[in-house]
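Each structure below is given as C-alpha cells.
In the two assemblies presented below, chain A is common to both, partnered first by chain B and then by chain C.
Right after this comes the complex of A and B.
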C-alpha cells in the first residue's frame, strides 16, 4: 500500500495504491488523523489503483466521517473500481459518502 | 564416617594417656628422691609412651576433616598461623617463665624444667601434625590418583622411622643417611606440588607470603628451643624421636619455604592472572544475563562495564543504532563533542562500523587535528548476520596501550552481547506470539459458543448451514429464534475487526438480538408484538452506539419468516445481498436493497438508511444467506469468488435439498480457492421453502 499526497490551495488529494487491509489502514489512519488535514476544504481520495478494501479500511473512513463533517471538510472519492465500489455500496456507504466517477467531477464539487 | 569417628574416640584418650605416662616418667627421672620411693620406670615404657604419643597425635590429626574449605587457601593458612602460632607463643612463654623462676630462686630441682620440657614437646608434636596435614590438603589439591598414592607412601615411610627409636636402634651411618636423605628427597618432591598458588589473587598472594613467613618463624622458634634444650645439662629425659621429628620438621619447613618462594615469584604475574580471570568472569556474567532474561539496556550496560574493566580503558562510549541513527547509549569519561568528532572522522575515512585499532592517534593527521587527550583507540562494531546493532569505542591516554588480545576479547564480548540481544528479541517475539495464539483460542471458543448448535427443524423449510472460522477469527455470527405463530427469526452478521474484540462484539450482538426479539406485552396488535426488521436494526444501532469503538461497525441482516402465511420480511444493514431462487419465474437474482451497516451513523438519522423488504415465497424457492468471507475468497490469481459465480452455482443446484446445495457451493468454493490461505470467516446458510404439509404427518 502506498499513499501519495498532492495539495493545492484548498484541496488535499490522497492517491491510494494497492490493497487497503488491516495493516495498511493504520498508515491511512495516521494520514487522516493529522490536524492539518482539517485545514483543507476538500479531501479527495483517488481510488484508481485501490484494488481491495477490507472492513478495517472502511472503518478508517467511517471513523473520520463525523470529524470531517463537523469541520466542514468535504470527503470525496473518485475513480473507484467496480469491485471496490460494490463494497461501499453493500455497506450502504454510497448514501453517506460522495463517490464520483472522475477527478474533474470531484474538483468541480 | 562412623569408622573415622570410632577411631577418633579411641585415639584421643590413648594419646592423652601416653602423654601423661611420658610426663610422669620424665618427672621421675628428674627427681631422684621421688624415684627412689616409687621406683624408676623402665626405659622402654618412656620410649613406648613417646612413640605412642607421637603416633596418636598424627593419627588423630589425620582423621580430622579436610582443613581446606573450597579454595579458601588464605583461611587455611590463617588458621594454621593462629593455632600453632599460639602454641609457639605458649612454648616461648613457658620457657621464659621457667627461666624467670630459676633466676629468682636458683635450685637444683629439675622438676619444673622437666615439666615445661614435656609440655613443649607435646605442643611441638601437635604443631607439626597440624602443619603436615594442612600441607597434605595443599599438596593433594586437585591432585592425580598417583600423587595421592605417593603421599600415602610418604606417610607410611615416615611412620616407619618412629620404630627406629622405639627399638632403640641406631642404623649405621651410611644407612641412616640413605634413609633420612631418601625421605627428605621424597619430601622435596612432594613440596613441588604448589598448584594452589595459581588460585590466589594479588592481595591474597601478599597475605600468603606474610603468613608463610610467620609460620617459618614459629617453626624456627620450636627448632631453636629444642636444639638449645638438647645441650642443657639439666635434660635428663630420653631424647625425643629424632629421625621422625627431624623429617617432619624438614618437610613442614621446606614445603612452607617452597610455597613462600613460589608465591613470591608469582607476585609480578598476579596482575595478568587476575586480568584473565576477570575476563572469564565477565564473559560468564554476560552469558548468565541471557538466561536471566534481562532487558536490552541491562545487557548493553553489562557489556560496557565489562569491556572497560577488562581492557582498563581510560574513556569509552557505546553507540546503539536506533532507526538507522547511531546515538551514544553509554558514556564513560568522554564528552559528547569528542564522540561526535571521532565518529565523523571515522566515517570520513570510511572506517565507520568496522573493527579498528589505532595505537598512535597523535601521529594520525585526522586525529591530531582533533587535539584529543587520548593516544589509543579501539572501535569494535556489534553486528549479526542480519543487522548492525552499534559499536563500542575504547580509549586510552597512553599510546601503544592496546594489543591484539584486547581486540580479541572485545570481539568475544560484542558477539556474546549480540547473541544475548537477539535471544532477548526472540524470547519477546515468541511471548507475543504465544499471547496472540492464546487470545485467538479464546476468541474462537467464544465464537464457537455463540453459533447455534441445533438448526430449527420444521416441515415447511429445510436449512443447510456452514460456518468456518478463519485462523485469525473474523467476526461472523448467525442465530435463530422461534417466534410465536409459526414464525422464525434468522440473524446473520459480520463484525469488523478480528480476534477477541470481534468475538466480544459478536456476543453483544447476540445479546441485543435476544433482548429485542422479546414479546412486547403493551403492543396493541399482533404486528407490533415483535419489532419489524428495520425497527430492530435502528434499535440495535442505538444500542451499539456507546459500546462499539469508532472505527468498528457491524453488518447484519434479519429475516423474519412467517411460514403460516408463506412470506418473509427482512432488512439488510450493510450485509451481503441475499441470493434468491424464484421457483415460479425460474430465475436466480439478488435482492438489491439499500441499507447501512450498524455503528456507522451514531444518531437517530440511521432510521432513514434502513428499509424493510417483504416477499411472498413459493414452495421450492431457495434463499442463500452468507457473509463476505464467501464472495471475497481469493483464487490462485488473487481474484475474488464473487457474487456472479455464487449466482451461477445456485442456478445449477436449486433443485437439490438445502444441505446438498450448500455442499455443492462449498465444494466449488474450495476448488476455487485451493491452496490459498483463508483470510476471513466463511458462513453460508441455505434455506429451501417447501410446500405446506399437514402437521398430522409428524
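Right after this comes the complex of A and C.
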C-alpha cells in the first residue's frame, strides 16, 4: 500500500494505491492520526488504485470519522472501484460515509 | 491447481492467502464482485486467527484446504490455538455506535457471515477448524 498526498489550502487528498488489509492499514491509521489532518476542511480519499479493502481498512475510517466530524472536517471518498464499494455496501457503510463518483464531485461538496 | 497451503501466523501472509484463493478460483470465471467477496471472507477469518487466536506467533501455523463440490466453493482453515472462536457469542455490530466511540474492529465476522452461505467452527481439544461454503454463480 502506498499513500500519496496532495494539499491545497483547505484540502488534503490521499491517493491510496494497493491493498488495504490488516497489515497495511496500520500505515493509513498513522496518516489519519496526525493532528495536522484536522487543519483541513476536507480530506478527500482517491480510491482509483485501491484494489482491495478488508474490515481492518474500513475500521481505520470508522474509527476516525467522529473525530473528523467533531473538527468539522469532511471525509469524502471518490473514484471507488465497484468491488471496493461493494464491501462498504455489505456493511451499510455507504449510507454512513460520503462516497461520490468523481474528484470533481468530491471537490464541489 | 494446488488446493492446500500452510502459512505461519504473520499478518504479512494475508496477501499470500488472498493470492492463493484468487489463483484457485481463476478457473471458475467468477464475477469480480463474487471473487472479491470470497477472498475477503477468507482473509477476515485468517486475519482473526493470525492476530487474535495466535497473537502473531510465527511458530504457529494455519492449514488451508480448498475444494469445489457441485458448484459450491469450500475452504477449511485449521489451527491449534488454545482460544477458539465462539460463534454463539456473535452480535451484529451497531455501526453508528462504532463511529461514535471510534471503534476499529468488530466487523470482520459480519462480512464473513453476510458473504458466505454457511460458516462453521468446530473444536476438538485444541484443534480448531473453520469451514466456509459459498455457491458460485
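Convention: the second predicted complex is superposed on the first by the 109 of 109 C-alpha atoms of A that agree within 3 Å, B and C clash if a C-alpha of one lies under 4 Å from a C-alpha of the other, contacts with A are read in each partner's own complex, and residues count from 1 in each chain.
Going forward, contacts are C-beta pairs under 8 Å (C-beta built on N, C-alpha and C of every residue); 3 or more make two chains touch, one makes a residue touch a chain.
Model, not experiment: these values are computed from the prediction.
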{"item": "Clash or fit, chain B versus chain C on superposed chain A", "value": "clash"}
{"item": "Which of chain B and chain C A:76 touches, first, second, both or neither", "value": "neither"}
{"item": "Touched partner set for A:23, first chain B, second chain C, both or neither", "value": "second"}
{"item": "Partner chain in contact with A:47 - chain B first, chain C second, else both or neither", "value": "neither"}
{"item": "Chain A residues touched - chain C or chain B, whichever exceeds", "value": "C"}
{"item": "Contacts of A:1 with chain B and chain C, given as first, second, both or neither", "value": "neither"}
{"item": "Segment of chain B that clashes with chain C, given the candidates 469-477, 523-531, 559-567 or 613-621", "value": "469-477"}
{"item": "Footprint overlap on chain A, where chain B in one structure and chain C in the other make contact", "value": "22, 29, 55-56, 58-60, 62-63, 65-66, 83, 90-93, 96"}
{"item": "Interface residues, chain A side, partner chain B - complex", "value": "22, 29, 55-56, 58-60, 62-63, 65-66, 83, 90-93, 95-96"}
{"item": "Chain A partner contacts - residues on chain C that touch it in the complex", "value": "11-12, 14-15, 18, 32-33, 36-37, 39-40, 43-44, 47, 50-51, 95-96, 98-108, 110-111, 114-115"}
{"item": "Chain A contact footprint on chain B (complex, rising order)", "value": "494, 496-498, 550-553, 555, 573-577, 594-597, 600-602, 609, 628, 640"}
{"item": "Residues of chain A that touch chain C when the two form their complex", "value": "19, 21-23, 29, 52, 54-56, 58-60, 62-67, 82-83, 86-87, 90-93, 96"}
